[in-house]
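What follows is a set of structures for review.
The following pair of complexes shares a single chain, subunit A, combined with subunit B in the former and subunit C in the latter.
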Partner chain A sequence: MDIINFIIQNILTEASITIALIAMLGLILQKKEIGRVISGTFKTLLGFQVLSAGSGIIVQVLIYFGQIFSEGFQMEGIIPSIESINGQAMTELGLGSQIAFTFLAIFVVNVIIARFTKFKFIFLTGQAVLWMATMCTVFGYFAGLRGLTLIIVGGIVGGIFAVLMPAIAQPTVKKITGSNDIALGHFCTIGYMFTALIAKFTGNVKNSTEDIELPKSLEFLQDTYLSVMVVMVPMFMITAFFAGPEFCAEFAGSKHYLMHAFLQAIQFVVGIYVLLAGVRLLLGEIVPAFRGIALRLVPDAIPALDCPVLFSYAPNAVIVGFVFTTIGSVIAMLVLPMFGLAMILPGMLTNFFAGGTAGIFGNAWGGRRGAMISGIAHGFFITLLPALLVGIFNSLGFINATATDVDTIVVAMLYAWILMPLLTMSN
Partner chain B sequence: MKKIKILMVCGAGLGSSLACEMIVEEVIDDLKIKANLEHSDISSAKGYNADIIITASNFQKQFEKFSIDETKTKLIYLKNIVSKVEIKDKLVPVLTELEIL
Partner chain C sequence: MFFKRKSKIKIENENEKEEVVIEENELVEVKKSLENKIKNGEENIELLIEITSLCMQLKHNIDAIYYLEKILSINKKLGKNYNDLMNLYNSEMRLAAVNKDNEKVQYYLNKIDELMQLSKDVIRGKYEGN
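Now for the complex of A and B:
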């Protein structure tokens, strides 16, 4: 009994160890040499700790930003960041192990569905599965699920989405790439389909975004972290300006309060950078292992990959999608508070990756005009959905953040608005 | 023979660069050579001092601004970053030039 208790208390509830063991299992199943197994396992362990460190940095900045925002504008200002939600859930809320097991369960369910149905998609975007596992766990927990049930339900819901989302995007992906070799594995797909629909009715496929010459000054936007900084710096400085020097002094100390706000904005990007560097280490061994196993079990699998695999097919559409999604998200930021919702600041990482992909989808169905109009609609859509979850996140103890990636948000809504009422009724 | 370092690059250094890395690993294994494979984001790519950088063609203009010394680091741009055929076609000449093959 003592040994079982020891295992439960010190290994299975310690997320870094759980995840490292999953990676080790994957490496052993692939029959890698012993040195590779050891180094891969420790890299994964290191990744989790780096991720936690990044999360700590982000939380500090979010506490500061939340306070100056409510002082400056007398309302809640929420930063949408699925990275931050994941970091806080894994570390501050102590759901790390459950998330790790749900992550594994999603993969298992995905492989089972691909093996036995005609949907042959294997979802290989590790970080997207991690975000999905996070939302399934957090909202399953919110709905009252615990232990094994929490993990199994998360695995089934996440696993179905891991096949369904690439499946609904595939006709458009075929149109874009001209082949059926790869699929899109990114949990913003409901947003892309919404964009495609709007573009179909507002645009004209004949005038492609790829025939226009874009201003050279927009090219730096391809540098992801730089473009996050470009938006965060003015956001923080304007907010600090409205909060005023006296209020900010509590945080800034002897430093000038605007300089302090500037550095805090940079610090936010540092947090995201560190957290994602952790994710890179964490998944660098697990994803190839999953792929190796999946290809053996599902020989005719179609890998569903991260959205930038499509970017080189329509680079202009990526920029157009990013710019117009950002415009849409700024409009939503200003409009939503009028309806009593929290003010959601533009989440630049999502705007770039989801916005860029939405641009490609918009262009595929509606050319340049379609991409622009549907881009604005997309920006509004991906800001509205997370706004609806702010209350639940606050009640769970998350600090000043909400999720991004609309598919994970739709999953959260299924838990909160369908599963939870059903559970309460049956009790 | 020195082990060469190949770096796969994408925007955030998470998804598509890793997807690319997995295919490059297959190509490298087929060619029966050894290489250190890493993936990273575009902001930190220059600091790696890789022998070869492989990235998507949409990043070409960005890389041209980084003034990377192409005698030390070879750049390969891909249209489809997970196409084994394209990777092989573009990687083999570079490996031959570096006298790895």
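Now for the complex of A and C:
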């Protein structure tokens, strides 16, 4: 009994150890040699610590930004970042172990559905599954689920989405790629389908984005970290200006308050960079093991791959989608506070990847005009949805951040608006 | 009447088969001559594209992958070559999965990852001028 208690209290609750053990299990199942198992396990452990370090940097910056924003504009200013939500949930909120087990459960449920139903999609984008596991765990926890129930429900919900999202995108993916061999595994699919719908009714498929010559002047924005910086630096400096030197001095000390704001914006990008490096290290051993197993168990699977798999079919549409999604997200940033919602800053990482892919969907259904109009609508849509979750995130103790990838947000809404009332009614 | 028609189709199919065999032999010969040219240092994009097309017609997937990788290492551009390579990696990965060959499944999964990274880099303008 003492041993079991020790395992529960000191191992299964320690996220870094749990995740390292999951990686070890994957490596053993692959029959890797002992040296490889040990190095892979420790690399995963290291990955978690790097992720924690990145999260720590981000949280410090978000505390600062939240306070100067409230002072400067008398309203909430929220940074959309699923990376930050994951980092805070895994470290500050202590949900790391549950997220790790839910991550594993999503893989298992995905394989079971693909093995025994006609939906043969295996979701191979590890990072996206981690974001889904995070949201299932956080909102399951919010709904009152605990322990094994939290993990099983998260696994089922996440696993269903891992099959359902590629399935609903597949007709358009087929239209884009001309084959049924590859699917899209990116949890922004509801946004893509929304974009496709808008493009269909507003565009003209005959005039493709691929027939136009795009200006090179916006190319620097395509470096994702640089584009985050391009948005964050002015946002932080303008906010600090409105908060004033006296209020900012509390944080800036002897440094000039605007220079301090500038450096904090850079620090935010550093935090994202470190956190994502940690995620890559963390998933580097786990994902190959489990996706190898999944593909062997479902040999006729259709692999659902990350969004860049489609970039090659319409590279101009990617740029058009990114630019117009950013325009839409800026419009939403200004409009949503008029309706009592928090001000959501443009999330440039999502704008690039989700916006770019939305551009391809928009082009497929509505050509260049469709891609542009639906891009703006997409930008608005992916800003509105996370704005609706701000209150719940705040009540859970998250600091000045909200999620991004819309499918994970829809899952969160299912938990908050359907599962939670059901659980309350049954109690 | 149906019998007659059936036998006619059979003969046609046999003729088609013969044609396919002849065409395949010709393609193999052309492929060999192109391979010799490449061995003799005549490697250029047009030649590589031509031989890749032959490999794909002959369903020599591993050779096609080899030449497509060469093309993309010289000319990092998105488009048909990129898409063909992605499809070939995917079909080889599927084959490996059916044969329960984990090493090969992992190999082609990594290749797919590398190719997606290339797609991100190209979109970001990293290989401008190639």
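Going forward, the second predicted complex is superposed on the first by the 427 of 427 C-alpha atoms of A that agree within 3 Å, B and C clash if a C-alpha of one lies under 4 Å from a C-alpha of the other, contacts with A are read in each partner's own complex, and residues count from 1 in each chain.
One rule holds in what follows: contacts are C-beta pairs under 8 Å (C-beta built on N, C-alpha and C of every residue); 3 or more make two chains touch, one makes a residue touch a chain.
Please read these numbers as outputs of a predicted model, since none were measured by experiment.
**Student:** Clash or fit: subunit B and subunit C on subunit A?
**Tutor:** With subunit A as the common anchor, subunit B and subunit C collide in the superposed model.
**Student:** For A:276, is the partner it touches subunit B (first), subunit C (second), both, or none of the two (neither)?
**Tutor:** first
**Student:** Would you check which partner chain A:182 touches, where first means subunit B only, second means subunit C only, and both and neither mean what they say?
**Tutor:** both
**Student:** Once the structures are superposed on A, label A:301 by its partner contacts, choosing first (subunit B), second (subunit C), both or neither.
**Tutor:** second
**Student:** Taking the superposition on A as described, I'd like to know which of subunit B and subunit C A:284 touches: first, second, both or neither.
**Tutor:** first
**Student:** Once the shared chain is lined up, is A:251 touching subunit B (first), subunit C (second), both, or neither of them?
**Tutor:** neither
**Student:** Tell me the contact category for A:349 with respect to subunit B and subunit C: first, second, both or neither.
**Tutor:** first
**Student:** Looking at A:30, would you say it contacts subunit B, subunit C, both, or neither? Reply first, second, both or neither.
**Tutor:** After superposing on A, A:30 lies in contact with subunit C but is clear of subunit B.
**Student:** By the touch definition at the top of the document, which applies to A:101: first (subunit B), second (subunit C), both, or neither?
**Tutor:** Neither partner.
**Student:** Between subunit B (first) and subunit C (second), which, if any, makes contact with A:124: first, second, both or neither?
**Tutor:** both
**Student:** Superposing the two structures on chain A, identify the stretch of subunit C from 2-10, 20-28 or 110-118 that clashes with subunit B.
**Tutor:** Comparing the options 2-10, 20-28 or 110-118, the clashing one for subunit C against subunit B is 110-118.
**Student:** Under the contact rule defined above, give the subunit A residues that sit at the interface with subunit B and also at the interface with subunit C.
**Tutor:** 124, 177, 181-182, 219, 222-224, 288, 291, 303, 305-306, 308-309, 311-313, 315, 318
**Student:** Taking the complex as given, what residues does subunit A use to touch subunit B?
**Tutor:** Interface residues on subunit A, with respect to subunit B: 124-128, 177, 181-182, 186, 219-220, 222-226, 276-277, 279-280, 283-284, 287-288, 291, 303, 305-309, 311-313, 315, 318, 349, 352-353.
**Student:** Which bits of subunit C are touching subunit A when the two form their complex?
**Tutor:** 78-79, 82-83, 86-87, 90-91, 93-94, 97-98, 100, 102, 105-106, 109-110, 112, 116-117, 119-120, 122-125
**Student:** Which residues, counting only subunit A, touch subunit C once they are in their complex?
**Tutor:** 30, 124, 177, 179, 181-182, 216, 219, 222-224, 288, 291-292, 295-296, 298-301, 303, 305-306, 308-309, 311-313, 315, 318-319, 356
**Student:** Under the stated contact criterion, what part of subunit B meets subunit A in this complex?
**Tutor:** 10-16, 18-19, 22, 25, 39-43, 56-59, 61-62, 78-83
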